[in-house]
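Next come two complexes built around subunit A: one with subunit B, the other with subunit C.
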Partner chain A sequence: MINSKKLNKRLLVLAFVLPALFFYGVFNLAGIVRTFYYSTLDWKGISANKTFVGLENYIAVAKDPLFWNALKNNLILVAVSVFIQIPCALGLALLINAKLKGARFFRTVFFMPMLLSTVATGIMWILFYDPNFGILALLIHKLNLPISTAFLQGDRALPSILLVICWQFIPFYMIILKAGLTNIPEELYEAAKIDGANSWQCFSRITMPLLIPTIRTSAVLQLVGSLKYFDLFYVMMGGAPNESTELMATYMYKKGFTEFRMGYGSTVAAYMFIICFVFACVFLFMTRKKEDAR
Partner chain B sequence: MKTVKHCVTKGVLYFCCFIVLIITGFPFVFLLTNSFKDMADYLQGVWDLPDKLFLGNYQAVLQPDFLRYFLNSVIVAGISVFVIVLVSSMISFAFAKMHFRGQNLLYFIIIAGMMIPVHTTLIPTFTLLSSLGLRDSLIGLCGPYISYNIPISVFILTQFFREIPKEVEEAAIIDGCSTFQVFRKITMPLSSAGLSTVVVYTFLNIWNEFINANILIDSAAKKTLPLGIRDFYGFETVNIPAVLTAILVGSLPVIILYFCAQEKVINGLTQGAVKG
Partner chain C sequence: MKKKVLAAILAAAMAVTGLGTFPVMAQEEEQIELTFWHNVPNETGQKVIENAIARFNEEYPNVKVTVVANENDPYKTKIATAMAAGEEPDIMTSNGGGWLKTFVDEGKILDLTDRIAEVEDEYYPAALSLFEYDDKRYGLPTSFGPAPVYFNKQIYEELGLKIPTTLEEFEANLEACKEAGYIPFTLANSAQWPGALTFIWLSLRYGGKDAFLNAYNRENGGTFEDESFIKAGEKIQEWVEKGYYPEGFNAMNDDTGASRMLFYSGQAVHFISTNGMAANCTSEAPEFYENNLDMFVFPEIEGGKGNVKEILGGGNGWSITSKCEHPDEAFALIHYLSDKDYAQDNVDLAGVVSGAKGVEMPNPIAQKVSDILQEADYVQNFYDQFLPTDLAALHKQTTYDLFGLTTTPEQAAADMEALAKETLD
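Take a look at the complex of A and B:
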């Protein structure tokens, strides 16, 4: 009697757990395992010929200058995200947090870039950047400015795309930081005002220290997001980023799905996984230590 | 003196707001005004309001193909969100309300999935669905969409479920409810805020998703909206106003959702991410 009750309970747990575990296991867990398995194969996509080559792919990728170039672009993206997007987002968050008339309206509009899909954003900006008929080109022609309108060519492609990424994601971090600002109790500022603190002192002594946890969260999101970034670079470079706009993810895509070198592509993916993991752990470890020391 | 300074500060702040307003909002106004121009009008005055309402762009966009993409997106997002909410809330219920061996470990393994970049499992997803014959099908596309949104949904829902006082459920059990009934009639209705966050977050994620759809879907009849917009751009590259119209029409559902339930959308997008 007791045994059957126990059995029933176990079956009940299984019934609740298994459906989600099925999807998660098949795609995520088995996916990771198979990425690492494929990464040890010499495998040209469609053909059934797979040869086990051990760590050969890992050595080849580590010697591949194009992979290092892609990683370099990822790190540029990380730097822009953390050092440009977050300060700008903080500025905007303070702006909509200031008691201005119409603050709600401003927030509504400021957030709108987040609503477009990356494909829509990418194509819209390709049209804005169009060297002959884009709004920027038309503006430059009208004002007779001596600026080349080839925004997405050569070395200028990377900064042009980074600008679009800023346009799309700053509003997002603005909202996250705004939520952090809202959580700071008003009384602290009132007390500081009574003690004679000016605005700058309020900001540097109250706002910033209390906002550090939120900023840390944003930075982690930026870090992981930037290391795995794909969409806008792929769309805006017409599906074929060149050396100056190649990222790890687009390089993986190129190897796996354009050249059908599934083994090599999987190795790039495995490196991405390891790099994301290590970066996130190091970052969390570093910031945690600071907190403990305080 | 103080009021003068105050006024100047306010003025500067409003000026900043105005600048940002143009940077963030102008592209949307631009999409709207230029969707009513033909290419000649567009070139004559990109900044002007259209002097006559030209509807040719909307005619070009609202073709059966585009409606098909739209419908495909609705189907994929609908099925995926439904399954995500169902399975995630069930396993979250197990995490929050039941006790079993390996519970914490399993929870950790699932939550750790939030740190796995989708791109690292792209090739296995591709080969798996190919071998099952589910590549290039809407159902196949739902697979990765569901699995990749499970960790974040479980994370949000488990927190919500834990906050429901035990007494409520115990009372229900004394009144003769089975565990399933508690789940369906007590826990779920009391967590509507958490559930709506999950729905909004996963819906927007899936509606705008590109990379999986790009590798998994080939045939035109099964493309989702982001792929469709990209195709439309491929055909109509030289007709800038038509492409702008396609972008506007394709984004309209999300924009409408945003204006109807702004707080929900903002909360859904940011909470989902912050907790992730």
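Take a look at the complex of A and C:
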């Protein structure tokens, strides 16, 4: 009786999981496996003509300075995401969580950038950054500032795009952190106030510790998202990012689809997978230890 | 990571196909269906295609043509993906050159040599040559034109300038524009190919057509380190340093019109661009087209090996894929889509000059394009279309770096030669 009930339950669970598992398997797992298979080939991506070259691609990518440069840019993106976006998002979350007048209005306004599609965001910012007709160029000319208006060029391209990424993603993490803040019971603050805690103590002793799991989740999302980031860089650099703005994903795309070196591109993808995987594991492991210690 | 790329491609593909699919119906005994992918982005151009298909259907009422319009850059990815999956259309468009050759080498494109031999006389040989490899032909041209130096003739009048016949005169004009407070050249180089046009013109004039062909064919001691390529790089950097280009041009986006805005608004005087520029101008700034737009062929250089009969240009054409089950009908269709009637329609409605002979030019600009083509005895295709894909990418990257002053002409040439040794030798 009990056994058949258990079996039924298991079958039910399986029935619910199966569709998701099917799509995950076909579109994710199979893709990953095939990527590793392609990465061992010398293949143009369109022909039946595939030559097995073993680890040759892996050695070539490891020796490719452009790949390491792309990885460096990805790491800069990770650093900016984790150390700038999350503190800013936290600040905004606290702000809209405070019982101020118009908090609701500001919550909507702050969230707006997240609602735009990435391509629209990219094109909008290209126009903002336009060196001759852009709104920023007009401001600089009006104020007679001695600054060049070439925002997306040379060394300034990367910071300019990073700014747009912050602008787009801070609202997302703001909402996640806001949800975390809402989950902290009001009684804790009341009790602390009765014990004579000031606002800083409330923040550092109650808010922060209880928010850590949410922040950790955000940081993992940021980490993996930044390592595989593609779209804004592709859109804003006219589909052809240069050394200063090349990411691993755009480099993979360039090799695979523009230069028809699908084997090489797949190897870059394989490296990306390994790097993301290792980073995520190490990060989760490190933060878990801390929690256990406490 | 892959998923995201694929999603972006699919989204782009769906957006475009959603807008562009329209079946042309016909009722007859044996029903045949042909799929046809093009990348003509504007309404007038699509009207021209519709008209040609209507004429085709008068003769072949049993053929249903399914047309899919695509944007240029997503199109290239889409076709490569479709080829890999064996889902390519019967008829596709390309700019010929190294990109199409990749597919030819894989046996994906139908050899049209015998079929084209029957209609050869209707087209300019230079236009047909875009789709020719090892004496075999793989396509009929649908648009064809030079990439001249466009200029604003009202500013020329105002400053009392003449059309230059030598580089020296050209540079004097540029200096005069600069002194009068104009930007001598407009350029939006973020996609890297717009600036490459200037590089090709300069190297074509310094070294003549043979400098490039020898380097590409690895013949007669030709290399990509030839002094003509180095001199072209030096001249570009000289112009950049003199401030002949707009502020931040290497980051401006040609697709969103950053270069054309400066040109149309009369802030910049010259614009080296493809034949698509004139077509854009008819719809974006018809008054400018009528009153201001004019063009000349890049002037000769004193002591250079090139002459004014060698021009830079390119075009589009239709090819038939190997998997097409009805090559006779498909060839008839691409003939309808490139013949004299089509070409006339194309220049009248869309302002685009095609590869077919015997067309009457409706306005002075189109007439000038046609004259330039007829006077030319050699048309150099854009290097990035002509070269194999990885070398093409490096060519764009190195010229971009030349414009950005982040490499030297010698280094750019050495980088090209190093990769050429790997891929061409």
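By our rule, the second predicted complex is superposed on the first by the 268 of 294 C-alpha atoms of A that agree within 3 Å, B and C clash if a C-alpha of one lies under 4 Å from a C-alpha of the other, contacts with A are read in each partner's own complex, and residues count from 1 in each chain.
Convention: a residue touches a chain if its C-beta (ideal position, glycine included) is under 8 Å from a C-beta of that chain, and two chains touch if they have at least 3 such contacts.
Please read all numbers here as calculations on a predicted model, not as lab measurements.
For the composite obtained by superposing both complexes on subunit A, the positions of subunit B and subunit C are in clash. In the superposition on chain A, A:T182 makes contact with neither subunit B nor subunit C.
When the shared chain is aligned, subunit B and subunit C each come close enough to touch A:A269.
With both structures placed on the common chain, the touch criterion links A:F257 to subunit B and to subunit C.
Subunit A is touched at more residues by one of its partners, and among subunit B and subunit C that partner is B. In the superposition on chain A, contact is made by A:T149 with subunit C only, not with subunit B. By the touch criterion stated above, A:V13 is placed in contact with subunit B alone, subunit C being left untouched. In the superposed model, A:L21 lies in contact with subunit B only, and not with subunit C.
Contacts of A:S204 after superposition: neither subunit B nor subunit C is touched.
In the superposition on chain A, contact of A:I123 is made with both subunit B and subunit C.
Once chain A of one complex is fitted onto chain A of the other, the partner contacts of A:G31 extend to both subunit B and subunit C. Steric collision with subunit B, judged by C-alpha atoms after aligning on chain A, is confined to one stretch of subunit C among 26-34, 44-52 or 80-88, namely 80-88. Common to the subunit B and subunit C interfaces on subunit A are residues 27-28, 31, 35, 123, 126-127, 130, 133, 228, 230-231, 234, 249, 252-253, 257, 269, 272-273, 276. Partner subunit B is touched in their complex by these residues of subunit A: 10, 12-13, 15-17, 19-24, 26-32, 34-35, 38, 92, 95, 98, 100, 102, 106, 108-120, 123-124, 126-128, 130, 133, 135, 138, 167, 171-172, 175-176, 179, 217, 221, 224, 227-228, 230-231, 234-235, 249, 252-253, 256-257, 262, 265-266, 269-270, 272-273, 276-277, 280. The touching residues of subunit B, when paired with subunit A in their complex, are 10, 13-14, 16-17, 20-21, 23-25, 27-28, 30-31, 42-43, 46-47, 83, 86-88, 90-91, 93-94, 98, 100, 106, 109-110, 113, 115-128, 143-144, 146-148, 150-151, 154, 179, 183, 207-208, 210-211, 215, 225-227, 229-230, 233, 240, 243-244, 247, 250-251, 254-255, 258, 262, 265-266, 269-270, 273-274, 276. Within the complex, the subunit C residues that touch subunit A are 1-5, 8, 73, 76-77, 80, 83-84, 102-103, 106-108, 190-192, 246-256, 258, 261-262, 267, 389-390, 393, 396-397, 400-401, 404, 406. In the complex of the two chains, the subunit A residues touching subunit C come out as 27-28, 31, 35, 44-49, 123, 126-127, 129-133, 137, 148-154, 157, 228, 230-231, 234, 237-240, 242, 248-249, 252-254, 257-261, 269, 272-273, 276.
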